[in-house]
Amino acid sequence: MADILLEGRDLKKYYPVTKGILQRTVGWVRAVDGVSFTIERGKTLSLVGESGAGKTTVAKQILLLEQLTSGTILFEGKDVYKFTKSQLKTEYRPRVQSVQQNPWSSMNPRMRVRDIVAEPLVVNTKHSKEQIQSRVQELLKQVGLAPNHTDYYPHEFSGGQRQRIAVARALALNPSLVVLDEPVSALDVSIRAQIMNLLKDLQEQYNLSYLVIAHNLATVRFMSHSVAIMYLGQIVEYGEAEEVFSQPLHPYTRALMSASILKLPEDEDQKITPIILSGEMPSPLNPPPGCRFHTRCAEAIDICSKEEPELRVIGKHQVRCHIYDDASVQSALSSGLHPGTEGRPQQP
Amino acid sequence: MTRFIIMRLLQSFIALIGISILVFVLVRASGDPTMLFRTSMSTEEDIARIRANLGLDKSMQEQYWIFLSGMFQGDLGESLTKDRPVTEMILERLPNSLKLAVSSFFISMILAFLLGVLGATRRDTFLDNGVKFLAILGQALPGFWVAIMAILVFSVYWQVLPPYGTGTPAHYVLPVVTMAFFLLPGMMRLIRSGMLDVLDSEYIKLARIKGLPERVVIWKHALRNALIAPLTAAGMIFAMLITGAVITENVFGWPGVGRLSIEALFSRDFPVIQGITIMVAAAVLLINLLVDILYAYIDPRIRYQQM
Amino acid sequence: MQNIAPDIEAITGTKVATGIRRVRIIRQLTLIIPSIVLFLLVITAIFADLSWLGLPDVRLAPYDPVKTSMPERFLPPFWAAEGSTAHLLGTDNLGRDILSRVIFGARVSLSVSLLVILITSSIGTVLGIIAGYLGGRTDNTLMRVTDISLSFPAILIAILLAASIGPGYWTVVLALSILGWAPYARLIRGEALKLREEDFVAQARIIGASPIRTMVKHIFPNIINPLIIMMTLSVGMVILTEAALSYLGAGIPPPNPSWGAMVNDGRNFIDTAWWISLFPGVAIGLVVLSGNFLGDWLRDTMDPRLRQL
Amino acid sequence: MSDVILQVEDLHTSFFTRAGEVKAVDGISFYVNEGETFGLVGESACGKTVTGLSILRLLPEPAGRIVGGKIILDGTNLMELSKKEMRGIRGKKISMILQDPMTSLNPVYTVGDQIAESVRLHQGLPDDMVELEVISALRLLGIPAPESRLHDYPFQMSGGMRQRVVGSIAMSCRPRLLIADEPTTALDATIQAQYLALFKDIQKQTDVAIIFITHDFGVVANICQRVAVMYAGKIMETAATSTIFKAPKHPYTVALINSVPRLDQKDDRLYSIEGQPPSLLNLPPGCRFAPRCPDAQDICHNQQPPEVEVGDGHTVSCWKVK
């Protein structure tokens, strides 16, 4: 079995909706509603979906920023919620770090780079000042920044450089898992490529596992080994990235790909017409009955609005959709979306 | 909406209890409370009357209960020097204070709106800098000094306006102008900064994109949103109003509640001061409640959330 | 990205406001003059007399501010007809030298405002950070108390205290501090609330920093700017209120010299001896004006967002 | 060649700040045909948003000013119009959609009022007609049940729906030209696809010309017929969309297209342009892209390249291209 670093089992996170001054709970937002996944050591799992899908909420649970409503998180096979406070402080928190989306708000503007990158070490280790600073110099070199940058303040750097500092901070305690919450979506196109290449190199060099939260499918394909497509708090398709992207099964995955793919109108080959979803994202306060996507799904059949589909294994995929319930599974496999194959303009 | 009001009323009630406890404790803070109520000429027999009046012989809780229940029936105790119920004395002076406060409030509110909005829309022009300087000056010069200088100029040299008392409309001019001079800067700053924040917003840019004339963009779109900021400071404006009243009434000998409080201070008539404090506290709570309700009315987002 | 001003400001690091030369000179003036005036205030306050060094009669002020001399009553300022250079700003109804009393008045105003500001800003900052960062119940109750304190006139509390424990230096300090912390609490709470949403605060929790360390290392350093601006702006506010209280007789009791009380001394003789009230008032105005200008200048340079102060 | 609606000639827009003059737009020229969607694409702070606002003469006073060039709409030079005449154009002949639907609508007025305002201002219809016009504008943007939705407040609507309301305001007076400044950046992928499809058929119905400002090449490919690639205040290359993707000439365009990760193929490493974009305060003398350009020669570093026509409507500003 692959070496699993972290596993989420049937994770659920409900937020109470309160009304009036007395703060009575009138309903629940089921932000994450039964999500299970595994992250292998040295590999990248991406959680993809639109706003309201619950991907950031899952990240918050892994980072223990919030309490799960139910479900278990296993870190190297051990249930994290059974860790004592000191075990958490020594065995979990230092080994799970994160890089956040907005380079302009993920660093204390009043601190020099030297102290920002050193903070994890200052809080979690008893190393001397010199040891910590030499580690900081080394970390900055690894993310492609000059050692003399340590004395500057965050506002003296561009977006791309700040994201490099955030990565250096995340690596300070030699973590095993780094949660990347939309790591590049706030950056310009050309800078994005620099950071994504850096993250991939660091993964190979330190055998890091990544949990990537993103909404841009193309970025996800470049970064991930396995991918989970989420819709309204549930995983609708999960599997090897190459599998899912070359043969998307779930109608929502196909719609998402059709909306994100970079396609010139004249190159549209006639076989696949672009899928434009109708309607709006339903409110997570009362998701539609049965399959949550049926209200917007072109291929919805009668059962979809009554029963919630199971997450069923087909080939290397898991997919949560009724059209794969019966024997017609094989035929469905072949009719998946085959995106165009035209290449890129040649390098000058 | 009604549940929101009931809830806020409850909170105000609790706050009033809190304040009454504070005042109750303050009276007894200086050791011998009769000391506060005694004047230099009061005899042994007077002191005994004061002790009975305060009910000092009863237990602390009982005393507080008498004090509290009295308060809620509008009985704020007996004045020492005037031998009349405090409530009556206050209510007698209240109209004078209100006349002064209300007129100066409206004058300064109107001026503040005009100058605040103009200041915000014509930034860094001569007008804006002039308005800003007036605001800074107004907040810097002590109100009572300005009042005295006004008397010096208008009553002593030019003998145009009467320096003291009430009666003819001419008596109103100096006190109201001084009060307005006291209130205007604070209000103007609030409205101007509220406007500046709103004017930076995207929907104002969209309003301009629609081709609306600047006057409509300012007075219809920007102003209503900018109203929300000064509203939250209504409490502060009320505090300024009372401070202004106490000072102005004293300088011009205006027979309002403010002057009463100072007279009571000099004649050591503690129950009067105690009564005024509680009445003002109740007014403060009322103002806060009214502001919250008005706030919900102006900003639909809040109105919909509360229900 | 839509609003270009921040974009341009990010690139150039300066405000997009006018760069016109005239405005820049005025901005410099609003820094230099107030700083000089406040510096003079501190000097006169400290060296009014050296009693704190045990040399009561060595003093900057020409006369002992409290000594009365009836024959020299109601002397006008030196430039007036019967004025004499012995008493530059003239004497009051008890023959005391007005210039000396104004100099000693500086000591009262400065010490009261510094003391009150220190007390109120520290209480307000601590409560503000706790309410803003922890939120929930503590935040609601604290904000309710702050709103009520903000709308309660400090002058009434002072009168109440003056009546109960008698007017005096410490009564004034207490009166101004009981409610004075509220504006600080409201401002700092607002800032802490915004900071709590920032990623770097979540980041601190992720690496296991304790709430106290987060508040001290991350929240506090980022609220220093607005705090300093508010403290500067409230110098004027406190001096004004102290002066008003002393004027009304609820502040610093006679005979020690407080500007407010001096204005009151001259009230009954306004028609004959206008200078008794004029000069202390001018002193108050000058000092408060400088405090406000300095505060405005600090706000424009440090944190333009805080216009509404 | 359908007739040209808008002709921008050598537009210069600068911001005068205490740190000096920021040349946000430093001499750009382009034209937009009737019924065509023209893309203005580039990274942040390349001047594309400033160009849009310059056309409407809505630069933040007094710091931002148009210092040179002409903007000709249907033959009239907008620079010569008075403030009042220009207001007549805004919202009637040219209108604009902003990026963030959450802040573009006034929170304290209903959606219907905000649309009616434009209709009353520019079309002077009697009140009963105005309501009809508002409903037809909402229907044009595909908003379900417009009769009831027009009484809603903005905060009661989702981001996608609000952006449609902003679209209705923009289209309510059937403008000749619509400037869309990153209207879909704040929206999710599927909602963005809906919005772009909606605007394609609105263009078919109303023949409105659109200037589409974006940094997302997927959007460019989807909706634009012609594209101008901007960098640090200048246009590097203008061409038909397929030419830009298939046969770009300017090194910056080539580099940009190669650094975009593609969904339809697996890359192990992405091409990335080294260095940082130049500061608009002290721009390099020669070609703006020279410091980061792999093929830069010394002429590139000290002389600005002229704009050269290399094909039908395909212009490039680069010394390498003859």
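Chains: A, B, C and D, in written order; residue numbering restarts at 1 for each.
Here, a residue touches a chain if its C-beta (ideal position, glycine included) is under 8 Å from a C-beta of that chain, and two chains touch if they have at least 3 such contacts.
Here the structure is a predicted model, which is why all the values come from computation and not from measurement.
For everything except chain D, show me which chains still form connected clusters by touching.
Components, chain D removed in thought: just one piece.
Any idea whether A-C or A-D has more C-beta pairs in contact?
If we tally the C-beta pairs in contact for A-C and A-D, the bigger total goes to A-D.
Can you give the whole-Å distance between the Cα centres of chain B and chain D?
Each chain's C-alpha centroid was found; their separation is 52 Å.
Taking the mean of the CA coordinates per chain, how far is chain A from chain D in Å?
Each chain reduced to its C-alpha mean, chain A and chain D end up 31 Å apart.
Could you put a whole-Å number on the gap between the CA centroids of chain A and chain B?
Inter-chain centre distance comes to 55 Å.
Which chain D residues touch at least two other chains?
Touching at least two other chains: 44, 62, 98, 100.
Which chain C residues sit where two or more other chains touch them?
2, 5, 13, 17-18
Going by the contact rule set out above, which residues of chain D touch chain B in the complex?
Interface residues on chain D, with respect to chain B: 56, 58, 62, 87-92, 95-96, 98, 100, 103-109, 117-118, 121-122, 153, 155-156, 166, 169-170.
Applying the document's contact rule, which stretches of chain B touch chain C when the two form their complex?
For this pair, the touching residues of chain B are 11, 15, 23, 26-27, 29-30, 36, 123-124, 129, 136-137, 139-146, 148-149, 151-152, 156, 189-190, 192-194, 196-197, 200, 202, 205, 229, 234-236, 238-240, 242-243, 246-247, 250-251, 261-262, 264-266, 268, 270, 273-274, 276-277, 280-281, 284-285, 287-288.
Show me the residue ranges of chain D that touch chain A in the complex, using the header's touch definition.
Against chain A, chain D makes touches at 43-44, 158, 160-161, 188-194, 197, 215, 217-218, 221-222, 241-242, 245-248, 251, 254-273, 276-277, 294-295.
Tell me, which parts of chain A touch chain D in their complex?
Chain A reaches chain D through residues 50-51, 158, 160-161, 188-194, 196-197, 200, 215-219, 221-222, 242, 245, 255-266, 274, 276-278, 280-281, 339-341, 343-345, 347-348.
Using the touch definition up top, name the residues of chain A that touch chain C in the complex.
Residues of chain A touching chain C: 63, 65, 88-89, 93-94, 96-98, 100-102, 105-111, 119-120, 123-124, 155, 169, 173.
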